Amino acid sequence: MPPIENITTLRVRYSETDQMGGFYNSRVLEWFECGRTEITRKLGVPYSEMETRGLFLPLVETHIEFVGRARYDDELRMTTRVAMFGRARVRFEHEIVHAANGAAVARGYTLHACLGPDGKLIRPPAWFVALMGL
Amino acid sequence: MPPIENITTLRVRYSETDQMGGFYNSRVLEWFECGRTEITRKLGVPYSEMETRGLFLPLVETHIEFVGRARYDDELRMTTRVAMFGRARVRFEHEIVHAANGAAVARGYTLHACLGPDGKLIRPPAWFVALMGL
Amino acid sequence: MPPIENITTLRVRYSETDQMGGFYNSRVLEWFECGRTEITRKLGVPYSEMETRGLFLPLVETHIEFVGRARYDDELRMTTRVAMFGRARVRFEHEIVHAANGAAVARGYTLHACLGPDGKLIRPPAWFVALMGL
Amino acid sequence: MPPIENITTLRVRYSETDQMGGFYNSRVLEWFECGRTEITRKLGVPYSEMETRGLFLPLVETHIEFVGRARYDDELRMTTRVAMFGRARVRFEHEIVHAANGAAVARGYTLHACLGPDGKLIRPPAWFVALMGL
């Protein structure tokens, strides 16, 4: 099955800029998180509810390429895709472009472990696997 | 004249939470900034363009009351009002409530100096004063 | 009794700058928090242990004046003072200056409620009141 | 030649935690930046001065593994290594462990382009190449 996909938009905040005049690099990980929040909402179980149900998805690995600039107040369009990665991990792919012209800004993936409420590794619950479209 | 007003919404990001389970306090200043960005856009000259025109509005004073909690993914509604404060400063009032039920989260003001491109205090340009509705 | 006082130093991080070339305003609240962490450590019960003991001190009110600029990598010296504010709240005063020449950067206070583990207001425990020097 | 290395320490700030109880993932990129700041200072030309000299090193690629938890106020020890990567890019390797027991927290690299004051790619200046130990 193809990965599940969602598109969301955001604007670069002033607080996200740095003295080089664009966005500071770590903000991309915060934007990726917004994409994960929205795709889980679209799937029907927002991540906030996943944690309430006892499933935590901390980031264990990420790779990011910064391929273009973006400035304060620029509108960005972020595409997020999600799929299981093996049996116990979840992989999100993220791509950020300028909403105005599609010019690339950043792309990368984040890999997440599945933890239970006690912080230990678990096999993802059945409801989650079903949600991920497997 | 009554102050000019704008309403915008936002969701608490995961990156904005802290270990106490709500949002970390400094995020409120970042949200207030989003409110300022949107009200200047509504007025017709987004703050990003103000800086391009050579007007900078750094924060010189703020007062904030934190009156209620908000959690990750809660939708918040922020009201921003702006008015000149004397002849050379601008004062924004900000109020944040839960979008769902109007319960108060935080409120406060931010006071801003008017600086020119060289970082020195200036009298606000005529176009800006007109924009502020004076 | 005079308030208890502690001095700590920090450097402006690149991630704390913004496109105006100095530090972004919300960082001051994060630096104030560092000052609170250090003064509680000096008092003998680091704030991390206070939370372990079931005492939480969320921010309920703050007032900040931004009185001078500071740039990336500037070394700053922060003075923190703490005292009870009435019977159930704690007030920290913070002052940040340039380490090199004492030039003022920012100053303000933060007012904190005393909460128990369930998030409800409590009277500060005896050990805490003793620690605060009352 | 072996890469140049520097070790620095930092404590997890309260503002860097999230509701899962550890540090929020994007903070690692901010800590890596602190490591780069310190290693350039040790090399004799702090990064702040590099920008003054007209050399900018924006992040173009990063890979991070999050291998262990760290909590508020934990003291962390960060090792930073730097070397040229080909003729026009600089690669930093970062490793963060608990200062108390050496337990791993995060590691990764950041790859940086060399830009001139106009934001265009440049060959690194001779003083910089010499500094990097080539």
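To keep things simple, chains are lettered A, B, C and D as they appear, and every chain counts its residues starting from 1.
Simple rule for what comes next: a residue touches a chain if its C-beta (ideal position, glycine included) is under 8 Å from a C-beta of that chain, and two chains touch if they have at least 3 such contacts.
Only a predicted model underlies this, so the values are computations on that prediction, with no experimental measurement involved.
Novice: Going by the average position of its CA atoms, which chain sits the greatest distance from chain D?
Specialist: When every chain centre is compared against chain D, the largest gap points to B.
Novice: When contacts are scored as defined above, which chain pair ends up with more C-beta pairs, A-D or A-C?
Specialist: Looking at contacts between chains, A-D has the larger number.
Novice: What's the distance between the Cα centroids of chain A and chain B, rounded to whole Å?
Specialist: Centre-to-centre distance between chain A and chain B: 27 Å.
Novice: Per the centroid of Cα atoms for each chain, what is the distance between chain A and chain C, given in Å?
Specialist: 33
Novice: Could you tell me the distance, in whole angstrom, between the mean C-alpha positions of chain A and chain D?
Specialist: Centre separation, chain A to chain D: 23 Å.
Novice: Pull out every residue in chain C that's touching 2 or more other chains.
Specialist: Residue numbers touching two or more other chains: 14-15, 19, 26, 29-30, 33, 71-72.
Novice: Hey, which residues of chain D end up touching chain C in the complex?
Specialist: 11, 13-15, 29-30, 33-34, 37, 46-48, 71-73
Novice: So in the complex, which bits of chain C are touching chain B?
Specialist: 19-20, 22, 25-30, 33, 51, 56, 58-67, 69, 119
Novice: Residue numbers of chain C touching chain A in their complex, please.
Specialist: Going through chain C, the ones touching chain A are 14-15, 17-19, 21, 24, 26, 71-72.
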